[in-house]
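To start, the structure under review is shown below, and the notes come after it.
Letters are used for the chains, namely A, B, C, D, E and F, taken in the order the chains are written, and counting of residues starts over at 1 for each.
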Amino acid sequence: MRILMINPNTTESMTKAIDEAARAVAGPDTEIVTVQPRRGPRSIEGHLEEATAAVATLELMVERRTGYDAYVIACAGDPGLAAARELVDAPVIGIAEAAMHMACLVAHRFSIISVVDRIKPMLTDMVQVAGMAPRCASVRTTGLGVLEIEEDWDEALRRLTEQGRLAITEDGAEAIVLGCAGMGPLDRQLRAELNVPVLDGCACAVTLAEACHRYGITTSKASAYRAPEPKEYLDWPVFDSLAR
Amino acid sequence: MRILMINPNTTESMTKAIDEAARAVAGPDTEIVTVQPRRGPRSIEGHLEEATAAVATLELMVERRTGYDAYVIACAGDPGLAAARELVDAPVIGIAEAAMHMACLVAHRFSIISVVDRIKPMLTDMVQVAGMAPRCASVRTTGLGVLEIEEDWDEALRRLTEQGRLAITEDGAEAIVLGCAGMGPLDRQLRAELNVPVLDGCACAVTLAEACHRYGITTSKASAYRAPEPKEYLDWPVFDSLAR
Amino acid sequence: MRILMINPNTTESMTKAIDEAARAVAGPDTEIVTVQPRRGPRSIEGHLEEATAAVATLELMVERRTGYDAYVIACAGDPGLAAARELVDAPVIGIAEAAMHMACLVAHRFSIISVVDRIKPMLTDMVQVAGMAPRCASVRTTGLGVLEIEEDWDEALRRLTEQGRLAITEDGAEAIVLGCAGMGPLDRQLRAELNVPVLDGCACAVTLAEACHRYGITTSKASAYRAPEPKEYLDWPVFDSLAR
Amino acid sequence: MRILMINPNTTESMTKAIDEAARAVAGPDTEIVTVQPRRGPRSIEGHLEEATAAVATLELMVERRTGYDAYVIACAGDPGLAAARELVDAPVIGIAEAAMHMACLVAHRFSIISVVDRIKPMLTDMVQVAGMAPRCASVRTTGLGVLEIEEDWDEALRRLTEQGRLAITEDGAEAIVLGCAGMGPLDRQLRAELNVPVLDGCACAVTLAEACHRYGITTSKASAYRAPEPKEYLDWPVFDSLAR
Amino acid sequence: MRILMINPNTTESMTKAIDEAARAVAGPDTEIVTVQPRRGPRSIEGHLEEATAAVATLELMVERRTGYDAYVIACAGDPGLAAARELVDAPVIGIAEAAMHMACLVAHRFSIISVVDRIKPMLTDMVQVAGMAPRCASVRTTGLGVLEIEEDWDEALRRLTEQGRLAITEDGAEAIVLGCAGMGPLDRQLRAELNVPVLDGCACAVTLAEACHRYGITTSKASAYRAPEPKEYLDWPVFDSLAR
Amino acid sequence: MRILMINPNTTESMTKAIDEAARAVAGPDTEIVTVQPRRGPRSIEGHLEEATAAVATLELMVERRTGYDAYVIACAGDPGLAAARELVDAPVIGIAEAAMHMACLVAHRFSIISVVDRIKPMLTDMVQVAGMAPRCASVRTTGLGVLEIEEDWDEALRRLTEQGRLAITEDGAEAIVLGCAGMGPLDRQLRAELNVPVLDGCACAVTLAEACHRYGITTSKASAYRAPEPKEYLDWPVFDSLAR
C-alpha cells in the first residue's frame, strides 16, 4: 500500500524526521511518501498557525487526492483532519487521534505532553472534539517551542521525563501521547525513563493506516465527511478545480 | 465604536444582508463596516469550505487588525474564531456563539436550525467546543443550501417553521438559533410563527460587541488567544508580515 | 429603556454600589432603577439566605412586574432567576449568568472567585444548572464575608489577586468572574493586577439587557418560564394576587 | 424515631395522603408527624411556586428544628432541600432524591413521570443538580395538574401507564419514579400495570430516613450544609431569630 | 426479613467482621446470614481477583437463590453485582453503591478512600458505571493491602484520617465512603476524627435492604437484570443447572 | 507474530468463524491461534454469562500467558478485558474496543448493533467504561440470539440492515460496529447494503494487534493492569498457581 505522510508545517528537518519515523514502523509492503506544503508556517504553536497549515495541507491533499491508500496528517493538533476526509475515500488519520486510540488499547488513561504552554487550550479542544476526554488524564506542556526540540534532545527528554512523571503520579496517566511530531524520535528513550507506553503519533498512524487498509475500511461518506459540494471558489484555483 | 463585520464567504448578496442585519440593530454611535474576503468559497456547507473560508477571513483580519473596536465573524460555524482572537486585542465574536449565549438569557434550552444535512456533525462539534452542549436541545437542518435560502424566502420560512416546531415539541427547545447568516432576514417572521425567541447571530453579535465595548472588555491574552509567536511563513506574505 | 436592578439582599450600601456599577456602564438612553426587597437577609452566604432572598426578590418582582424593559438580579448566585422569568415577558438576567456568558466571548475558560468558603458547593451547582461547567475552570473563594469586602478594599483586592493568580496558573482560567456583587468596584483594579478580563456581573447584565432590548428579544414562554398557573396562595397576598 | 414529613404545599388532602403513605411503610418504632406550611401555594407546578413553597417549608423547619430524628420534604422537586439541611443536624431527605437513589438499587435506569408539561425543565435541572442524570432515562409528564390527580384516579393511572410504557420501550427505563407526591397512592397499581418497580418518594424517604437513623448518619456540616451564618434578617422574624 | 451477606473473598476474619457490622445495624426483625464462597482469592485488590471473586459469588448465589429477602455483596468494588441481580427477584445491593447513595442523602459530595493504589482505576470505573461520578469528589487510596488493615488498626486509622483530611480540604468531599469492607470497624472512629459522615457500605447496605423490603421493592426484570436465558454451560454444573 | 484469538464462549462453530475472520485479515507473518475455554456458557447474552465467560477466558489466559505477542478477546462485551491485561505484558485487545477505535478513524459517530434486546444496558455500560460514549451514536439490537445468527444468515442480514438504516437516519451514525462476534461474516454484505463502514471487531482487533506489535507497544503496568498481587486462591488451582 502507499501512504502519504503530510507534515503540515514547512520545516524540512521535521518532514525528514516524520519520514524516518514512518519508515521505521511500516510493513514491508508499505510505501511511504512524505511531503510538506508549498507554503505556510515553519511550525504550529497556536490557532492561527493551525488554521493556515490546515489549508496548506488541504491544498496539498487536493493535488494528491489519488494514488494513495491512506493519508496521515503528521501534526499533533490534527489540523484540517475533517476537511481532508472530505477530499478522499481513503482513510485520513491524524497523529493525535492515532496515538490516543492506540494508547487506549494498552492503558486505562493517557496524558498528552506537548510543546509551548499556550497550546494547552487548543489541544484540550482537540481532545474534546475527538471524543477522547474520558480517557485523557491531562494535557501537559514542556514549554519548549516545536523547533527547539531538535536543537537540544537532552533537554527535551529531560522535560518530557519531568512532565511524564507528573502525569503518572499526579494525574493518573498510564501511557504518554507525544504532543508534537517533532518529539517522535524520543519515544523509546522516554519509554525507558517512564516505564509506560509512550506513543509517537506518526508511528501509530502508519500502523493504523495499514490496519484500515488490510481490513478494507475507508472513510464514511454518510454525512460529516461527504465529498465537498460542487462550488465556485473565488480566486483560489486549487479548490475551485474540485467543482470542474 | 467601529465594528468590522466579516462575511467569511464570497457571495456579495450575503455580505449585503449581513450589513443590513447589523445596521438594523446597531446603536446610534456604532459604525458598521462589512466586508468579505478577497477569495474563497461562495458558501460554507462543509469542513473544507469552513477551513478555507477561515483562512480567507484571517487574511482579511491581518489587513484590518487595527482601526476597529470589535470584529464579528458572520458565519454560523464560527470559522477561524480562535485564530482571529489571536490577531487582535479587541473582542472577536462569532455569530454562532453570540446567538447561543443570548439564547441562554431568555430560554432554558435552544435548538440550532441550519442548512444542508451534512452540516449537522460540524455544528455539533462547534457546539461542543463552545461548551454549549448542556443548553443545546438539538441541531436540526432544513436541507436547504446556503444560497438557496434567498432564492425562495417562503420555502425557507416554511422549512424553518417545520423544523422549529419539531425542535420545540420533540427536543424541548424554547428558543431557536438560526444556523446560517443567510437566514437572518427571517428572524422576526419565524418568531411570529413559533412564538419563541428566534436569534439571528449577526444581530446578537453586534449588540454583544457593543456590550463588551461599553464595559471595556477585551480578548484575554493569557493563553489560548495570545498573539501568534513571531514566525516565518514560507511563501505566504500576509501572515509572514506578522513577524516583521 | 428602563432596567430594574434588584439587589436581593437588604444592605443599602450594596444597593447603592450596584446602582453605581449599573449607571457607569449604561447607555445614554437607559434608565436605571435600583431597589432592594422590603425584607430578608443582610447578605447571602448560603442556601437558606439564597432561598429567602429569592422569595423577597420575587415579592418585589410581582409589584414591579410592569414598567420595565429588563430586570437584573444582582447577586452572584442568581437567586430566584427562573421564577422571576415566569413573572414577566421582559428579559430577566442574573449577574452570574451575565458574567459567565460575557467571559465566554473573550476567554477560553473562566474562573469564579467568590466570598466565604461554604459558598463553593452552591456556586458549583449554579454553574452546573446554567450549563456553564464546560467553560468554567474553577470556583474559588477568598474567605471574606459579603459585607467584609467593603470594610477593607485593600484586603479584598489582595485576596482576589491571590486567588486570581492561582486560577490562572493552576486551573487554566483566562478570565475572572467576580463571585459577589459587592466585588464589582474592584473589577478594573483586579484587571490591572491580573492582566486578564475581570467581569463584574452587574456591568455585564446591564449591557446584556440593553443588547436584548435593542434586538427585541424577550423571555421564552414555551415551557420553563411560562407565566405561573392561576393559583390560590394561602395567606400570602402578594402571590395570591397573581391569580386574581 | 420521629420523622417530620413536610408537605410543602397547602392542600390538606395531600398532606393527609402523604401522612398515610408514610405510615404505611414506617417501622413499628417510627413516629410520623406530617405537617404543611402556614402559607403558600396550593400546589407546585412551576419555579415561582417551588421558590415560595421552599421558603414556607423553611419557615416551618425553623420552628420545628428540634425534636425530630429526620425530616422529609414531600414534593417531587425537593424544594428548599439544601437550605433545610443547613437548619438541622438530622438528615433531611427530599422525596425525589429518595426515589431516585432507591430506584438505582433495583434498576439500571429510571424515568420520572410527573404532572404538567411545564415542569419538565425544572425537574431536569433537579436531576442534574442531584447528580442523577447518568441513571435517569427520561423525564416525562402526564399533562395532569397536581390537584387533578386525586379528582380522577382512573385517568391518572391511565396516563401514568401510558407514559410509563413509553419510558420503558422508548427511553430504556427499568423503573418509574413518581414525579409528584400526589401520585403516591397509585404506586402499587402502576407497578402491576408496568411490571417494573414504581417508586413513591414518600415511602422511599421514610425508609431511607430510618436507614440513616439506624446507622447514625447525620447531615455533613463540612461545607454546603453548614448552619447558616449568624445574620440579621430585615423584617422577617422567623429567620432573624436564628441569629439570636 | 432474611438478608444474605456475601463476603466475596475467602478470608474468614473478614466474613466475621462483615457479619458483625451487619448485625450491629440490623433491625430486630432482620435475620443476618453471612457467608463466603467455597473458593477464590483471599482478598480483592485488582481486576483478576474481582472477576474471579465475582464468579465465586455467583456460584454461591445460585445455590442460595431462594430463601432470602435481600442479598448484599460485601466488597467495595461491587463484584458480580449486575449478574447477581439476574439470578434473583429480591434486591441485590453492593456495598459501594449502598454507601454512595446514602452519602448523597447527607453530603453534597463524597470521596471514596480505599486500599492499594492500583485499585484506583478500577474503583473509578465502578463509580462511572454506577452513575455516581457527578457526586464523587475523588477516589483516594491508603496504600494498605486489604488484609493489612486488620493487622494494625491504628495505622489504618492514621492513613484513613490523612487521606480523609485531604479529600475534604483538597477535593471538596463532605462525606467519606470506606472503600473496603475491611475498613468497616473504623467508621465511628474516623467520623470522630474527620467530623463528617463516614459510611461503611455493609451497614448502609443492610439498612437499604431493609428499606427496600419494607416498601416491597424488588429488582426490575425489564431488561438489564432479567433472569438469564436458558442456556447450556459446558462443564460448569452449577450454572448449567439454571436451565434445567 | 503470534496472536491468540479467544472465543469466550464454548460454541465451536463460533470459534471457527472467529478463526476464519482473523486469518482473512492477518498479515503474512502473523500466526493465528484460536481457542475457546474448557468450560462456560454456549453464548453470552447477559451479565451472568459475561461474568462466567470472563473467568473461563482468564483461566485460559493463565495457561497461555506466554508464547503470544498479542491476545484478542473475541466477544463484543469485551469480557474479562481488564483482568486479562493484568496477566500478560503483551497487548490484550477486546473486539468491541477494537471496532470502536477503528470506527473513529473513518466516521464522526458510530452505532453498535447487537443481538438480544436485554444486552443493550450491558453494552451501554461497556461503551461508558471504554470512554467511547462521546463517539457512540446509539446501541441498537436486532432481537436475535447469538446462536440464531448463523441459523439464518439472510434474516440476520435483513435485521442488521434495518437497524443500521435507523442508526444512520435517526441516530446520526456514520459507521456500524457489529455487536457480536457471530455477525462478523456479514460485514461486507452489510457494508454494501448501508454504504458506510461496517466493522467486525475480530478483523479490527487482529490488525490493531499487528499495529501494536509492529510499533512495540505493550500493556502499561503502571496501575490498572499491573500483574496481580501474589495471592492465595482457595480451591482454585489455576489462579493459585500465579503466586507460586
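We adopt the following convention: a residue touches a chain if its C-beta (ideal position, glycine included) is under 8 Å from a C-beta of that chain, and two chains touch if they have at least 3 such contacts.
Note that the structure is predicted; figures quoted are calculated from it, not measured.
A.B. asks: Among all the other chains, which ones are in touch with both subunit E and subunit F?
C.D. replies: A chain counts here if it touches both subunit E and subunit F, which gives A, D.
A.B. asks: Could the interface between the copies subunit B and subunit C be described as same, meaning over half of its residue numbers are common to both, or is it different?
C.D. replies: same
A.B. asks: Taking mean CA positions as centres, which chain lies farthest from subunit D?
C.D. replies: It is A.
A.B. asks: Averaging each chain's C-alpha atoms to get its centre, pick out the one most distant from subunit C.
C.D. replies: Chain centre farthest from subunit C's centre: F.
A.B. asks: Would you kindly tell me how far, in whole Å, the mean C-alpha position of subunit F lies from that of subunit B?
C.D. replies: 44
A.B. asks: Per the centroid of Cα atoms for each chain, what is the distance between subunit D and subunit E, given in Å?
C.D. replies: Those two chain centres are 27 Å apart.
A.B. asks: Subunit B: which residues touch two or more other chains?
C.D. replies: Residues 82, 85, 108, 120-121, 172, 174, 223-225 of subunit B touch two or more partner chains.
A.B. asks: Using the definition of touching given at the top, classify the network of chains in this structure as line, ring, star, complete or other.
C.D. replies: Looks like something else, not a line, ring, star or complete graph.
A.B. asks: Which pairs of chains touch each other in this structure?
C.D. replies: Every pair of chains meeting the touch criterion: A-B, A-C, A-E, A-F, B-C, B-D, B-F, C-D, C-E, D-E, D-F, E-F.
A.B. asks: Quick one: which bits of subunit E touch subunit C in the complex? Just the residue numbers, please.
C.D. replies: 108-109, 172, 174
A.B. asks: If we count contacts the way the header does, which residues on subunit E are in touch with subunit F in the complex?
C.D. replies: Its residues touching subunit F are 10, 38-43, 45-52, 54-56, 58, 80, 82-83, 85-87, 116-118, 120-122, 125, 128-129, 145, 223-226, 228-229, 231-236, 239.
A.B. asks: For subunit A, which residues count as touching subunit C in their complex?
C.D. replies: 120-121
A.B. asks: Would you tell me which residues of subunit B are touching subunit C in their complex?
C.D. replies: It is residues 25, 27, 82, 85, 91, 93, 97-98, 101-102, 104-108, 130-135, 168, 172-175, 188, 195-197, 199, 203-204, 207-208, 210-212, 214-225 of subunit B that touch subunit C.
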